[in-house]
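Each of the next two complexes has subunit A plus one more chain, namely subunit B in the first and subunit C in the second.
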Partner chain A sequence: MTTSARNRSPLLRLLFAAEAVRAAIWPQRMRPATGWAFLLPAVLLVAILVAGMAYMVDASFHELDRSTFRLTEEYSLTNYETVLERPFYSTIIIRTVLAAVIVTAITLVLAFPYAYAMVRTKRAATRKLLLIGLFLPFFIGQVVRAYGWLIVLGQEGLLNSTLTWMGLGTVKLIYTYPGVLIGLVQYMLPFAVLMLAPAVTAVPEEVELASDSLGAGWFATLWHVLLPMTKPGLVAAGVVVFTLTITDYAMPEIMGGGTSDFIASAIYDGYFSTDEQGLSSALAVLLVLGATTVVGVVFALVGVGTLGYSARRLR
Partner chain B sequence: MTKTTLTGTRRFLLPRRRLLAGAGALGASATIGGSALLSRLARAQDVEKPEEIIVRAWGGVWVESLDAGVSQPFTAATGIAVRHDLTEDNEIRPRIWSAVDQGRVPPIHVNWDTTTNATKSALRGVTEDLSDLANLEGLLPAAQPAGFDSYPIVNTYSYVYVLAYREEAFPEGPPTSWNVMLEERFKGRVALYDDGIGFHPVAVILGGGTIDDIPDNMEPGWDWLRRLKAQEPLLGEDPDFTTWFQNGEIDVACTIISNAREAKMNGIPVAWTVPQEGAKVDTDGLWIPKGLPENELYWAKEYVNFALSPAAMETWCNGLGLPPTRPGLTPPEDLAGDPAYPTTQEDFARLISVPTPVLVEHEADWFAKFNEIMQG
Partner chain C sequence: MVRLDGVTKRFGDVAAAEDVSFELGQGEFLTILGPSGSGKTTVLRMIAGFMEPTAGTILLGGRPVGALPPHRRSIGMVFQRLALFPHMTAAGNIAYPLRMRGFPRDEIPARVERYLGLVQLAGLGDRRIHELSGGQQQRVAIARALSFEPDLLLLDEPLASLDRKLREDMQLEFRRIQQELGVATINVTHDQREALVMSDRVIVMDGGRIQQAAAPETAYRLPANRFVAGFIGVTNFLPCAVRRSADGEAEVAIGDTVCAGRCAAPLPAGAPAEAALRAEQVLLGEAGQPIAHADMVVPATVTEVIFEGDRVVYAVHAAGLGGALLRIFDHDPLHHKTRRIGEDVAIGWKRRDLMVFPRDT
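After this line comes the complex of A and B, so read on.
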């Protein structure tokens, strides 16, 4: 270290020391690889996931030997045949996919006005209230929220007590498929709003004013201006909500009361209850393939540009 | 290597001679158990004590009873703390299996498990042999798992899946048949376990079959369950039954007697009965996973041995309201003479027992079929 460096402030000396360490670990000649180095953690993470998936794919081709409770050595398609043959699995696959579609549609319909109001409101108090409403659910886990719904929707719950008080009788929502959907929509709503808000923010308010001044009503502005311009946010939110719903476990378990299992429930049961690791792996592989295909088709139809990456930039 | 064999379905038989001999020998066995224990503990001074023994257990009344009857006295006798791991039995099993397969130390020392699930672990070869435990002496034959010459598991008590009911719903007296679940007035107010555990063999009988039909002809049971589905039953786990009874959401349920008894003790107006068709009886047990350091294995075995001693077993099982596999212990006052607390051959004759090897081989398929019916 030079004399002038020693005379510098402690902070500067610390920075010089850090730079010296950096130079020792990552010399100048390796600079072209710096970008890849930053990618390394993400690559490692994906590699671990891929390794796990590879293990699962391998396990899916081995049947359980119930005399030893280990997977057989031989490769076979038995687990996939079982998934296709048992009506139970086709039922839960249809139920799960249908739920993912319904929940995604309802969530986007509800999330858009929320995000719009949150972004466009002029009143700071209203924005704060909406932000609190958005972030508060993130502090409450999914299981707790599901139990909250049990209290609200239960036979003796808040909803039925109110309906009874009003002389309207009772409705059974808890431990039903609609009950599961209600719980899922409530769970997914903040995710969707969070992804839609930047998309709405990116639409200049002047564009709406221009549309208005040119004689378009609010619906025409929504249909021809806002929705097309917020498409990246809508697609991103839709993809996130769809994939989270199709893989959800807790809400169907708690809100369904054992009557509305999703694919994840069957996977869990196979791994932990009946020790059918091979069968569960086959289900997991099919789930990943199915969800990936849907997302791939969506991107193929609307383009990756919806996520903010133009084809030119990608090239 | 142990090997299991399938045997036919049978009623749970308690050998009378063994029962009488066991009852008569209780005092002696208590003494032997106590003195042998002290002797073993004295010898144990040479074996390094671990800081704690980790025992997997179920929560609520289950762990409280184990703590009062076994864990606390064990700690008092040895100075070794006992930590109860309340991880679900189904979730700890794969962890133990992978730990043993990978040569790692398993996450627990002692697993309190259902005999069916424990047998799966034994068949996989991940359980230690407990045949050298001194307090196996005097236990009923049911303490030894079916299909094994050794003791990879020690069955510690039996339990009955009773018909639990809300007393207000039956002012005329307890229901006499499981068929009460099909009555129109109980639509939406019936509950079973979410995989139908404890009910499959009963359903076969309700559907017009016999216990000899199990496992080859379960169709009568599936037919009966299809009729039950129209009643929109609630399907859940142990804690759900208590919640549902507490909230007045169900009137009848098939659940383990301990859960119904705990609910009753907590002031929930619940009673239980063994209907005329019978009720399924099963067993739980203790086992030790392979892969423990030698000294920890020694003390884990001491823990299991301690749990099998008459005094520990009596307190533990009375807390649960379940008959232990050691004969002659004093039953809890509120359960004396209760058919759901079987102690005599006549009591067991009213119950339905499916041999563990049959359950191990077929139960997963029954769960799948049950789900197919209830969620189809």
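After this line comes the complex of A and C, so read on.
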């Protein structure tokens, strides 16, 4: 047998050339540092984010000087006091947190059957259809989707003309809080399904059959086997939906039309409309702290779910 | 305990199981043996209630079960991949059917302990499933399937994934537990050895149909057809022509050699047939010399030698048998003699060991 670099295909030669370059600039003894090198771009990105956050935290401790419209030099907790005292802000905070809780709950309830059907169906055509239904919204974008809702839920929209035709009168959903929640649930559903599907896949169908043969009906199997075994996925999906909702900006803006602003809207207004940078920063810091605390508590109570990669896998 | 009458399952035009009928008594251990796609798992799933038969009836304890869902049947099942609940302890798994089936709460702990003891896991009840070894997980699975005292135990190849040593240990262990409790059991496997070792009775299936239902030894010694003869044991099939047949005996010509053998049904003279000879029933002797106990002796040449320790496997070429290649298991407890490739030898067999089957069955 004659072996020669010449016999390799062009692609393989290219790969081996790259290998030679790698060996020259990253010799074998640098091996232990390889992982850190790969991490570097991500660390840089996070570092920029942290720098921005630091600036924001700093700004949150300076009050706005009404005479110059600049932040004062002294450190003070005035901004935080204002946020916690003004009813305007507490209303927005309560509204946002409540929305995040409701949207998370409804989304999980709707996403679980969807993910289950998608994973368990025996028909390839059904699975394809469900997958298309899952990914289609991603191609459309949040703004276009929200306007779609305006068409369906508007005063003269699909829903109200149907209700009128049935003689049930009309409901006002556009520019209302429930309208925002409906829009958010629809927006979050694909994320939740995508995070739940692997968790359902990880439960062998045999386990459900076993539960059935051992005497558990369908609901008992759901409660005692399926939900506990998919808990990692439920936790992960819940955390993602919760954090995405609590920080959402577009949906309350478009579907709420100013009636149901979330914290993000107030922060935006503070930075770009009313120039109250300090106040907005305080609000943003509170939002980050609040969301982090909730996620931290969930992780502490029920584990990190499928968000945490671990060597020990579910069998 | 269980009776199947003409049970058939069709998927479209394909019959996964066709006209399957058998009966199983209290305490009996039945193995359904067959290759994959033979319909054995389909039959098991219909009995468990995961599938409904297209035709025929299944009776459990004398009552037809019809479309009764699995959780309303009194059947314990051990699954191929065990299907234990990883979020529960071993004891939690065994208690699960008791809770679901409404056993009195205060009786459950004692019962769980008893079944842990039965499968020799006493004291390990608090372990999580992933903290147990493969063999221990098998034991939990069988305890879980039995703790609620089902009328029937189904085993869906639970031993298939184990390594050989552990599998053989567990075969005996399953058999011991089954006999201790006297529960009627249906085991499904493609492992002929497992079927012979564990069962009171064996049903051999192929193409969705029962090929033979018999005691293990009968199925081995008197296979009903060519499929059974080929599936259980290692068998040489030699094309031959029938000269005459009567009273379960047939005289056939294998190449230039005329010899007699057994046949299940009379065969018409001149019909193409196959003579079957098990690898361990072919005797090996010195070229040109008679072989003790053999009714027939023909010359042959060794073409392949595989030393397996407890036996030597030979392939020999026999010109006198139409140029057939035969596989021989030689245990040779007397001489410790291993033949060389190319060596001329004699092969022989007893008349009762040659079975004749019609070709194309």
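Throughout what follows, the second predicted complex is superposed on the first by the 290 of 315 C-alpha atoms of A that agree within 3 Å, B and C clash if a C-alpha of one lies under 4 Å from a C-alpha of the other, contacts with A are read in each partner's own complex, and residues count from 1 in each chain.
Throughout what follows, a residue touches a chain if its C-beta (ideal position, glycine included) is under 8 Å from a C-beta of that chain, and two chains touch if they have at least 3 such contacts.
Fair warning: this is a prediction, and the values are worked out from it, not measured in the lab.
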Taking subunit A as the common reference, can subunit B and subunit C both be placed on it without clashing, or not? Answer clash or fit.
fit
Contact-wise, after the overlay, does A:F69 reach subunit B, subunit C, both or neither (first, second, both, neither)?
first
Let me test your reading of the model: by the given contact rule, A:R120 touches which partner, first (subunit B), second (subunit C), both or neither?
neither
Roughly how many degrees, to the nearest 10, is the angle at subunit A when you join its Cα centre to the Cα centres of subunit B and subunit C?
160
Could you tell me if A:V225 is touching subunit B, subunit C, both of them or neither one (first, second, both, neither)?
second
Determine, under the contact definition given at the top, whether A:T91 touches first (subunit B), second (subunit C), both, or neither.
first
Identify the partner contact of A:R22: answer first if only subunit B is touched, second if only subunit C is, both if each is, neither if none is.
neither
According to the stated criteria, A:G258 is in contact with first (subunit B), second (subunit C), both, or neither; which is it?
first
Applying the touch criterion given at the start, work out whether A:L209 contacts subunit B, subunit C, both or neither, answering first, second, both or neither.
second
Thinking of the overlay built on chain A, is A:K128 touched by subunit B (first), by subunit C (second), by both, or by neither?
neither
Counting residues of subunit A touched by each of subunit B and subunit C, the higher count belongs to B
Once the two structures sit on chain A together, report how near the CA atoms of subunit B get to those of subunit C, whole Å.
46
Shared subunit A footprint, subunit B vs subunit C, residue numbers none
What does subunit B use to touch subunit A in their complex?
4, 88, 90-91, 93-94, 120-121, 123-125, 188, 194-195, 234-236, 240, 247-249, 360-361, 363-364, 367-368, 371-372, 374-376
Per the touch rule above, subunit C residues touching subunit A in the complex are 48-50, 69-71, 73, 75-77, 79-81, 83-87, 96-97, 100-101, 129-130, 144-145, 148
Subunit A - residues contacting subunit B, complex:
66-70, 86-88, 91-92, 154-156, 172, 175, 257-261, 266, 269, 271-277
Please name which positions on subunit A make contact with subunit C in the complex.
204, 206-207, 209-217, 220, 224-225, 228-229, 231, 312, 314-315
